[in-house]
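One chain, chain A, appears in both complexes that follow, with chain B as partner in the first and chain C in the second.
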Partner chain A sequence: MWSRFKRSRGAMAGLFCIALLSLFALIGPALSPYTYDEVSLSSQYLPPGAPSEEYPGHLHFWGTDELGRDLWTRVWMGTRISLYVALLSVLIDLTIGILYGVTAGYYGGAVDLILQRILEVIQGIPTIVIVTLLMLVLKPGLVSITVALVFAGWINLSLLVRAQVLKLKETEYVLASKTLGASDLSIIIRDILPNAAGQIVIMAMMSVPGAIFLEAYLSFLGLGIPDPMASLGSLINSGFKSMLLYPWLVLIPVIIFVLLVVSFNLAADGLRDALDVTLGTSEDR
Partner chain B sequence: MKHFFLKRILISVLTLLLIVLVMFILLNAMPGTPFTGRHLKAEQLEVLRRQYGLDLPVFQRYFKYLFNLLRGDFGVSYTLQKNMSVAEMLRLRLPLTLRIGLQAMLAGSLIGLFLGIISAVRHNTLLDPLVSVLSLLGSGIPSFVFALGLMYVLAFRAGLFPVLYSAETPVKSTILPSIALAMFPMANIARYTRAEMISVLSSDYISLAEAKGLSEGRIIARHALRNALIPILTVMAPMLVELITGSMVVENIFSVPGLGSLFVLSVQSGDYNVSVSIMFLYSLFFIVTMLCVDLLYGFIDPRIRLSRREGQ
Partner chain C sequence: MTETPLLTVSNLKQYYGTGKKRVRAVEDVSFTICPEETFALVGESGSGKTTVGRTIIRILPPKGGKILFGGKDISGKLSGEERKELSRKLQMIFQDPMSSLNPSEKAGDIIARGLDIHRLYSSRTERREKVLSIMKEVGLPEEAFDRYPSQFSGGQRQRIAIARALIMNPELLIADEPVSALDVSVRAQIINLLKELQRKRHIAMLFIAHDLALVRQISDRVGVMHEGKLIETGTAEKIFGHPSQPYTKKLLDSVPVLYPEDTGSSGTGEV
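Showing the complex of A and B:
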């Protein structure tokens, strides 16, 4: 599977970009002497590459914002937070999805029927509406953003796991395990989940850009991460206000943001293609 | 068939009722009432509460709220424009949002279809990877980034369009927001059309049509496209959601006085009644469209009808 993934140039480029951006999100802020919330009113709106006043010998690689905060540091902090929020929410989605999917798919019956009806109703509401409602009630911050993203994302994964479990439940090897007297738990853990893993991982991978997207929207609307913390979305939002005079303030976060989202899309597409071929033989698609 | 239709309609109605319930609970849970900050005596407050029906039991108020909604009465705005009816505010702003949304949807679908078809037909030329890259970017870049880019390049630098919405040039002002919103549907439709067309074009009945000596244009238009169009309906849901989300941000960027920017304003100023009313409108729109798509789906493709019936 890895060899097939490697053959797709787009997917490899995506993976490389994700690795690079993650690396900088981790070490980027440490590469400059500033902190993300260090205000310096004497060095507002410095252009990229301007020398620093407080720290002689250092540069503001990407300039400074309206409060004189170093943009390099803020952008990488923002990338870190965007990635953190997106990955955490998808991880929680995954946990809920597996729990729900296995319960509803494996045990089925009346529970499944009721859960399905509830899901159908929730699915009828546009995501942004649910999420904004939540953000109105919760206090803005990392936790509430994550909760909102989980709320938006868990249904898709749950439905996928359920469908996979329903399908795999009928396979011969599950029947064989059953005849040998395996417990439900061992069938789920040893037979069903490993076989569903491929599809689940693809879906999870595909949800990451969606979560980054949604977080950016919320931040853009002012419902996201509160200042002085930053995410890519909130950086774009605050940069946009002075875009016509200081274009780099919005340009740099936008470039990083687009790179991040497109890389995740590329990597997910490559992963799907790589896995689909193996599945193509066992699954008549 | 009838069963399937009835079930879908029932679910839609249930969803709407649930949304109204959530809206009602939220409105009651939000801090502050329309009467706070007016220094009223307890007796006056009592009179006002009775006047607005706030002294009734909760479930009675819920039904009152529900029936008012059915009559198109959304209540009044508390902070944005004091005591102005929300329905009136929505009525003033809805046409512009609808116009931009429709323009974006129309342009996006047509260009997307076109791109998808040519990249499928010219599968092995340079055009195909070009369209693929375009659709990757289109679905990977959020509409607000497009909006910012268009605003900077076409409006600010080139001066072709007004930077912000102006009531004097309403037509010209809606073009840039529409383009920004059209990118996502365009990219998605192009991608789906391409995939569907490629699989349809390699099927037996297309070979038959070719063997009969039909022209390429005729094959594509009459035989291939018709069958490729059905699965494209499936992308309607994510596209609509993206349009709704996008409209909020894009309208905000271009200062378009539409529903999206009103929503953002109301959220930021805590005018909950306006916020939930707009949410209701968006949800209603979404649910009705999805219902239509599902019904259309069952109508066009007999296989779905049959498989659903077997599934019952």
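Showing the complex of A and C:
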């Protein structure tokens, strides 16, 4: 599978970009002497590459914002949060989404009927309402975003998995496995999931941009990451206010954000092709 | 026929749908199959022959009647244990080898599936050896082990399906139109392979087909199905030589004859 993945240039570029962004998210803030919430009123709106006032010999690589906070540090701190949200949404898709979809699709009948009605109720509640209600018991921040994603982030994937299972469980190779005496679990693991894997991977990866957007949108409404913590979403939203005067405040987080989303999509595409052994023989690819 | 039959089907019923929309697919079908015998079910499309096969192997639960296999009643509700035991003695080959093989598994793993389910090996090497020996028996090259179904031709895929069924050493094999989806040129090869394996391994076979010429060549006894009912059974010579039912005569007459002047209903083609 890996050898097939390697052959796709776009997928490799995507994977490389994700690795690079993750690396900088990890070590980026440590490369500068500032912390993400260090305010300096004497160095507001410094352009990228401006020398630092407090730390002689250091630069503000990407300038500073309206409170003189170092943008480089804040962008990489924000990337951490976006990557966390991305990872979380994939994880939720792959666990709750698959379990729920397989159970509903494979067992069908009354089980399916009940599970689908529950799902429709959850789907009917807007995420914003869930998060607002959560604020009654939780402080705004990563925890409430996590809970909101766990609550509703798996719905689309579970619908897709259910549809795939409904289709695949009627195939003759599933019948053949049944006549060989295979258990339900063995049929799901060997006959159904591998043949739905391509679609599942694509869908899980496609949910990443959505989850990152959700975080940005919640932060903008004051329901997500609170100041002085930063996420890519909140950085773009605050930079947007002074876009014409200080374009770097919005451009830099946007570029990182776009890179992140595009590389997830590229990697997902390559992964799908690598998983799909029916697309062609390994010799001619 | 003084032998004790391997399979006895009596008054088998099968319906699709419920209430007013209920369609009778199989009605009061009864027949027996003796060990090592080939019994063929023939009939036009929709006559219920595939449904009979699928009910016997319990893909579909029978709605009425009795199925005795090896002296045991298998028509009631089966426990997981009974189902597993049954799957070791009763196997099936499906019509279309394009859809009966899991496209995401290698041929070797597809064939070994039965071994995996019943834990019939103690090591990976033993598993591989067992698969390779059956692959040789059905005429697949050794390098086929690591290839995917999409890399095989139809005939070779059907060989994989045969190997998958035979690795369980079944006593009865249900072949549901095993060659009708294949090219005419490879049909004879697959049929000969089935005959040869049946002789070597002493398997009884329920052969479901609509190709009368083929049925005449392969089967010992024949049952003719029409609209869910088994209207006539008998030895192959009797059915093809002296059919007693008008429908059977019609079925035989519908076979295109090579020389129309020759009026003997010799059956040299398909229905």
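By definition in this document, the second predicted complex is superposed on the first by the 207 of 285 C-alpha atoms of A that agree within 3 Å, B and C clash if a C-alpha of one lies under 4 Å from a C-alpha of the other, contacts with A are read in each partner's own complex, and residues count from 1 in each chain.
Everything below uses one rule, namely that contacts are C-beta pairs under 8 Å (C-beta built on N, C-alpha and C of every residue); 3 or more make two chains touch, one makes a residue touch a chain.
All figures in this text were calculated on a predicted structure; none of them were measured in a lab.
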- Message: Looking at A:Pro247 after the superposition, I want to know if it touches chain B, chain C, both of them or none. Which is it: first, second, both, neither?
- Response: first
- Message: Between chain B and chain C, whom does A:Thr171 touch in the aligned arrangement: first, second, both, or neither?
- Response: second
- Determine, under the contact definition given at the top, whether A:Gly109 touches first (chain B), second (chain C), both, or neither. neither
- Looking at the overlay, does A:Thr179 come into contact with chain B only (first), chain C only (second), both, or neither? second
- Per-residue touch tally on chain A - higher for chain B or for chain C: B
- Query: Should A:Leu221 be classified as contacting the first partner (chain B), the second (chain C), both, or neither?
  - Reply: first
- Where on chain C is chain A touching in the complex? 57, 59, 80, 83-84, 86-88, 90-92, 94, 96, 99-105, 113-114, 116-118, 148, 150-151, 161, 164, 168
- Query: So in the complex, which bits of chain A are touching chain C?
  - Reply: 171-173, 175-183, 186, 190-191, 194-195, 197, 277-278, 280-281
- Message: Under the stated contact criterion, what part of chain B meets chain A in this complex?
- Response: 11-12, 14-16, 18-19, 22, 26, 29-30, 136-137, 139-142, 144-145, 148, 151-152, 156, 240-241, 244-245, 248-249, 252-253, 263-264, 267-268, 272, 275-276, 279, 282-283, 286-287, 290
- Footprint of chain B on chain A - complex, ascending: 117, 120-121, 124-129, 132-133, 136-137, 209, 213-214, 216-217, 220-223, 236, 240, 243-244, 247, 250, 254, 257-258, 261-262, 265-266
